[in-house]
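Presented below are the structures under discussion, each in the form of structure tokens.
First chain A sits with chain B, and in the next complex the same chain sits with chain C.
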Partner chain A sequence: MTSTDHIGQSHRRENALRHLAGRGRFVTDLALPRMVHAAFVRSPMAKGKIVELDVSAAAEAPGVVRVFTAETLNPICAPWTGTLDHFAGMKSAPQNMLAEGQVLWAGHPVAMILAHSRAEAEDACELVLLDIEDEEAVVDGDAALVEGTPLVSEGIDSNLCFRTVLETPGLDEAFANAAHVVEDSFTFGRHTAVTLEPRAVVADFDPSTGQLTVHHGTQTPYQFQDVYAHQFGLPDNKVRVIAPDVGGSFGMKLHVYNEEMAVVAASLKLGRPVRFVADRLESFVSDVHARDHRVSARMAMDAQGTILAMDVDDMTQIGAISTYPRTSVAEGNQVIRLMGAPYTMPDYRGRLSVVFQNKVQTSQYRAVGHPIACAVTEALVDRAAEQLDLDPIEIRQRNLVADDAYPHVSATGYQFEKLSHHAALAKLREIMGYDALRAEQAELRKQGIYRGIGIASFVEITNPGAAFYGVGGARVSAQDGAIVRLTPSGEVHCAISVTEQGQGTETIIAQVVADQLGVTPDQVKVTTGDTDTTPSGGATWACRGAGIGGETALRAGRRLQAQILAIAGAVLQAEPATLALAGGTVVDKATGKERITLAEIGRIATYRPDTLPEGCDNSLTAVQHFAPTGYPFDFTNGIQASHVEVDIETGVTRLLKHWVVEDCGRIINPLLVDEQIRGGVVQGLGPAFFEECMYDDMGQMTNASLADYLVPMAGEMPDIEIAHIETPTLDTILGAKGVGEAGTAAAGAAAMNAVNDALRPMGARISQTPMTPLRILTALGHV
Partner chain B sequence: MELNGSQTLAATPDQVWSALFDRAVLEQAIPGCESLEQTSDTSFSAVVKLKIGPVSARFKGDVELSDIAPGLSCTLSGKGSGGIAGFAKGAARVTLTPQGAQTVLDYTADVAVGGKLAALGNRLIKATAQKLTGEFFANFNTALTCEETAPTA
Partner chain C sequence: MKADITLTVNGEAVRETVEPRTSLADLLRDNLRLTGTHLGCEMGACGACLVMLDGVAVHACLVLAVQADGQKVETIEGLNDSGLIKDLQETFHDRNALQCGFCTNGMLMSAYALLAGNSDPSRDEIRDALSGNYCRCTGYEAIVDAISAAADHRLNKAKGAQ
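Right, the complex of A and B next:
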């Protein structure tokens, strides 16, 4: 293989072979000497007052080392509050590890038992006497706002967490002058991440050195280093967070949870390692849930089908407490700001109400806010097309922002550097054989077979700067750092702050660094996920590994390249500018002729620096941090299409095919980009058809096991065909944007449009997810 | 969760009625009953061991009878706590109708469960509750028949 141009080539994920060989290293697998296991006694009630909590029998149980309650554990941890300054007026009750006096959701941890095994800890949980005086739980967001409804928790003065309105001056006039107005109300169910590896943490405090090491299955180790240091009053250089292999995260593993904090606190108290791995049942009642929106929306158009304005009201239900440190408001905030984003819609009003109730917290999950904004916008666009008797492709052609009209600012204030909606639409039409599918659809309808075609354009927010969280006071880093070094034998090592959860971050970083140093990616060893051995940075959230992490690696690689060339120049008595790196050697730039190998440079700089000219710096380590500048976000765009068949007798939908055309800027690794898109699509289709956390009217989750909660299975998923447009961002040298959330952003929207297209001959329509057979039959009037 | 049903019992309404208030009969009839104490004319406290799917728990609870129309109908309400397995609470309206030498017992119950029990899904719980109800009435019927055949002192 040649030594340049690895960027843009498909390379298999570096860690896949290791995982296949059973050599994965997950926190769940970790066993340390003297380690004890934690289990939690949880509130069985959604709301109530703790009248009695007696742990004396549990403390005497076989194998039990220690039992903690709020009284004995909470004092060593500062409470945390999930609010940020840039969400003006938002409020949430302060939290601590174990429930103090009041329980706020079914699953709220009340006591922690540490034993020699998890089984013994669980057995002892049964001996805890917990008497809770039941109080009326607030379970519905609309009801929560009605005067006289009890408060969800102490420490708040209303059940409204946050409210905001965005409005352009011309909104009312746009609706007054509209030739057509379409409107609908939507309900988007609650669902949750269901990672293959549940949340896992092993905290290990050494009192002799004051060192706290936390092995934590998280996507953001530096954030947790900071959280543990601050909440427990430790210097952050004595807090090491190690995130080894992580079995899926999807945003669920970057929030502060009661259990992880309690495990750290217990290790500080006991001076020995403490382990907690959530079982599947407790994952359902303690991992964050996602979405849970009710949206009413209308769209105004002129007589030609040009979109004039949207008017949207989103009520989102976030559970009892806003999450820390990113809050539970970010999701709704993105919903109202992403509405209509692909279109030249001049006017807009978006109203957001974020409401508490006595359920598990909801918060950031893959494609934060995007699926809701996309589904509402695209459903209304399809309804407008129907009203104007336009083809869904035609109405989008009329309204998508023109590819040569950038930079463009949306009605909600988002700035787009350069997008490619029309090119994507044209490519989609071609790869899906749109016209043939329409002909087939018409033919099959005559035979009583109801197929539907749904299209959804989208934009995705990637490469965020500090505007996301930092400006609101959150200690969440938007920059990253890399250390690249040439080893004494001429190999390369890169330690970088972006992290790996199976998406292939380490592989693309190796590709980027390899190209800067003229080596192959397999010569670049990449280390991630350890706050002691890598520089501090944002790690994995909001689609930033490739765009920001990749740029960081590129700049660090170039810095080391310059250092190597300087040493080579000194050794060869040549101008560094006349030299270049290729094929693992220093070459003459003009002729490509090999001058000296990297191994030789490594040997001289390490073992014989005395032979270098005086004043020559022998450093073969380069450090570079990078914070995005320019646009606040690098938006990506794309379009998806879904082809479905609805059985109108049973209400069952069969997914026939799915297409995605995506523009994530410079593609570093086509194979991994496609993997990200496919996985994202599946995570968008799951909640569109299957996944829902169901609650009864007492606030009890009633399907909190994998026997009842449906995750999308391979057999139900369609083939997913992918094509690309490449519009690199000019904000960076690399030009890459994010891609991890694109699939999820629009898959559900395309699917909902497809189902409604199939139901159209019956005059039926569905606007609630998941689109279960029962809901489809209800829409058809069969039940 | 609503449960309702109807049972035909081989005894007169009066016999059924007195059995419903008979601690010994109830103790035999309640599936998994470890102890049952009568705490007043119209209340009992019980310890019952149950296994529902993967969750097994010992429930401690109280049952109260109210709206009593002797020989005809009454309401049983109660709540029980199963520790970390969760809790159950509910009320059942029971009516007795004579049918020849037999009695038809109709019941309508509204039961709510919480904690792990709820999380495991209503599907499982409803099936289990129906099975337990069936067991209860089978035992109850046996107890009634025994009482009938064995002459009372």
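Right, the complex of A and C next:
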């Protein structure tokens, strides 16, 4: 008998209390004895050859401890190359910490200065003589592929990183027989994570013991333990990575960066702690950027509006070098595989070209690929509805995969266990008051007020197994591990490999463990983010904390439950199968009557194991690892709606309201799930309306500050109403799937459809993000 | 050419010798180790470094430490210890109005300053008051809800006292 009292409840986060008291523990807060501060001299040009690099004056500057260049630092680190075997034919240049001979983007680190304070290190950067012979930068992806264009970097033979095509045999016939074909070209801007805490690392090598400890603001500490061990030739048990409180990550902080590697290298060289915290300008020119796609797409339909096929060509621009260890191809790969995913569409062709240019790398960021695939698909569905004079709800009802038609395989080969598109659509229509909104829209148009309603169905990839990266050779763990123990006083401790960045991981793990052991979540202390004290695992990426981490915790909890019941059985001379755990005690399973407390079990097993029968195992610690099996991914689904008002004189869009219906399987904590969705929605609306890394034609980022790069703020964001469908996965006991990407996946798509719905009476249309006032006015023909 | 300054931080007298370029944020974080004040942009755009300076919410990254000479500074640590924001802390906790926690200091400062001057703010007024506070995690709605709930609690309490 397992209590389910706490799974499904809105428990508050205990770790939130520290932050509310000003007692967060971020890497940026850390100051260690003997610590020095790092600053980097960066390339001011997007591409060029280093002709001269003289650091002698900087080395003599006040407070400076050491200056490193590629020549003095790179040899202790093995180069890394961001390619994976399952992306056949992909290529990328090898990388190392400081630029060797050639600079590849504006911001590329060239020299590292270590000083007693960051201010002194920055002062010394000014004294470095860096002479770069400017070379023609490749700044545009289409131009990069034109013959005769210079190569983005040495070590590659063309500017094409990767190309692939997915195609069903019936594609051409589907288009030939179509009654209607709609098509468009889309541009999705380049944006970036802008975590409020920038990237931060403090590396601390102790030469006396050979121990390297790296305090690293990351979501994947085990991955970095492995990276540091391998690249610097250290045994991994001598590398400890600690990720304490992390001020936002969203995928951006799981990539290998030059600066973090250089900080570790410098600590190895100096034998003292080295700190680097990116300032905001450095964040903009060195954190990975995201998206940057140009997509041409067409959709074929029969006379009734049944979707027959999509034909998609995506060109994505990834900067100078593919990221390590996950590559910069995964985003585009997911774009072409998620196209049309909610629909019964039988045929498909998706072409992907991943292209280098001399800009900051792009790579995985929240909802990898989803927003692009969703926006293209949903825009074409709306276009089709318009052409067939169908309501956007009606065309989706005709095409969404039926809720009783699972398992289903998409035209792109994704296997769906069970989704709930129609139930979600029906619920959305109800909660948003769709019909009333349409009536209001028609009324307001007569008054010259242009409101729009946009809908977007989506599918989200969660609970990934090794198919994501491991099969391609990446040392990225797809399994997780937990250690659950009963303390001598009968409390519970769980050390687990999934990590916390504020989404509530520790809280849901406590809830899951509590229910296996018959205690309350506040009796379960959860430890995360330290490779020395928790088992190795994938941690947090691609939506796996609840689904995989939760299942790991559940199984570990059950294992400990069995051990406790075995000891209790021995003490009570009862069959363990007749006992259960509830209310902090061992109870008689049939009557619920208390037999012995957990505190008493802890006491006996710890202090008086001699009183246990001979051969009775007194272990009160259980270890469990779990790797997902069954479906390669647990897909989730949902639908979003956006309600906007466009001022056709100024081009300004006001976001009036947003709705989400989401199915993430079994919900462990409704409060936390809803806030994941809300945060995700706003992270999708940001790049739909505001966020864009602007570059000039020399490859300079021209808005690299928080005054110039617009992020979504409270005043512009709408209230977001959320409802749920619950379709648990049968692949696990827990039945939970992920929810972290859901909001971001479709918010922009819904918003673009809403803006175009508002613009429809003027015959205008926009298919570029962000949808700035200027672009909307351009679409309206006003500028 | 460092400067001697004296100021009151969270009720405690502080005497420090600082470089003229040292910001109030760096003084608080690096010298006094009051790390609840965060730095997100160092140009007054994100609000993570807000502190109360003589009763006014200011960006500690835009104030030089020497400018704070002779003044009273309240940081999140001080407001926490004083109990003045206990209700806001509770409503933020109840409503899960924070995720990573990096913006939370600034959100609480803005909320504290707002409610000091407006006991019954509308949702739009709350959103306006947060116009200089960037949060990447929550989407803001929970923060608006939490501030609104704290305002309601204060109003109800005031009514109850009449």
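One rule holds in what follows: the second predicted complex is superposed on the first by the 779 of 783 C-alpha atoms of A that agree within 3 Å, B and C clash if a C-alpha of one lies under 4 Å from a C-alpha of the other, contacts with A are read in each partner's own complex, and residues count from 1 in each chain.
In this text, a residue touches a chain if its C-beta (ideal position, glycine included) is under 8 Å from a C-beta of that chain, and two chains touch if they have at least 3 such contacts.
The structure presented is a predicted model; accordingly, all values stated were derived computationally and were not measured.
Superposition of the two complexes onto chain A shows chain B and chain C fitting side by side, with no clash.
When the two complexes are overlaid on their common chain A, residue A:Val381 makes contact with neither chain B nor chain C. Residue contacts after overlaying the shared chain place A:Val128 against chain B, while chain C stays out of touching range.
Contacts of A:Ala707 after superposition: both chain B and chain C are touched.
The vertex angle at chain A, taken between the C-alpha centres of chain B and chain C once both structures are aligned on chain A, is 70 degrees to the nearest 10. When the two complexes are overlaid on their common chain A, residue A:Ala58 makes contact with neither chain B nor chain C. In the superposition on chain A, A:Val246 contacts chain C only, with no contact to chain B.
The partner that reaches more residues of chain A, of the two candidates chain B and chain C, is C.
Least inter-chain distance for chain B and chain C in the combined superposition, rounded to the nearest angstrom, is 9, based on C-alpha atoms. Residues 705, 707 of chain A contact both chain B in one complex and chain C in the other. The touching residues of chain A, when paired with chain C in their complex, are 12-13, 16-24, 26, 28-29, 31, 119, 193-198, 245-250, 279-280, 501-504, 671-672, 675, 678-683, 705-707, 711, 713-715, 717, 719-720, 743.
On the chain C side of its complex with chain A, the touching residues are 19, 21, 29-30, 33-43, 45-46, 48, 75-77, 80, 89, 92-94, 96, 98-105, 108, 123, 126-128, 130-131, 133-144.
Across the complex, chain A is touched by residues 57, 81, 83-87, 112-124 of chain B.
On chain A, the positions that touch chain B within their shared complex are 41-46, 106, 125-128, 130-131, 281, 284-285, 696, 698, 700-705, 707-708.
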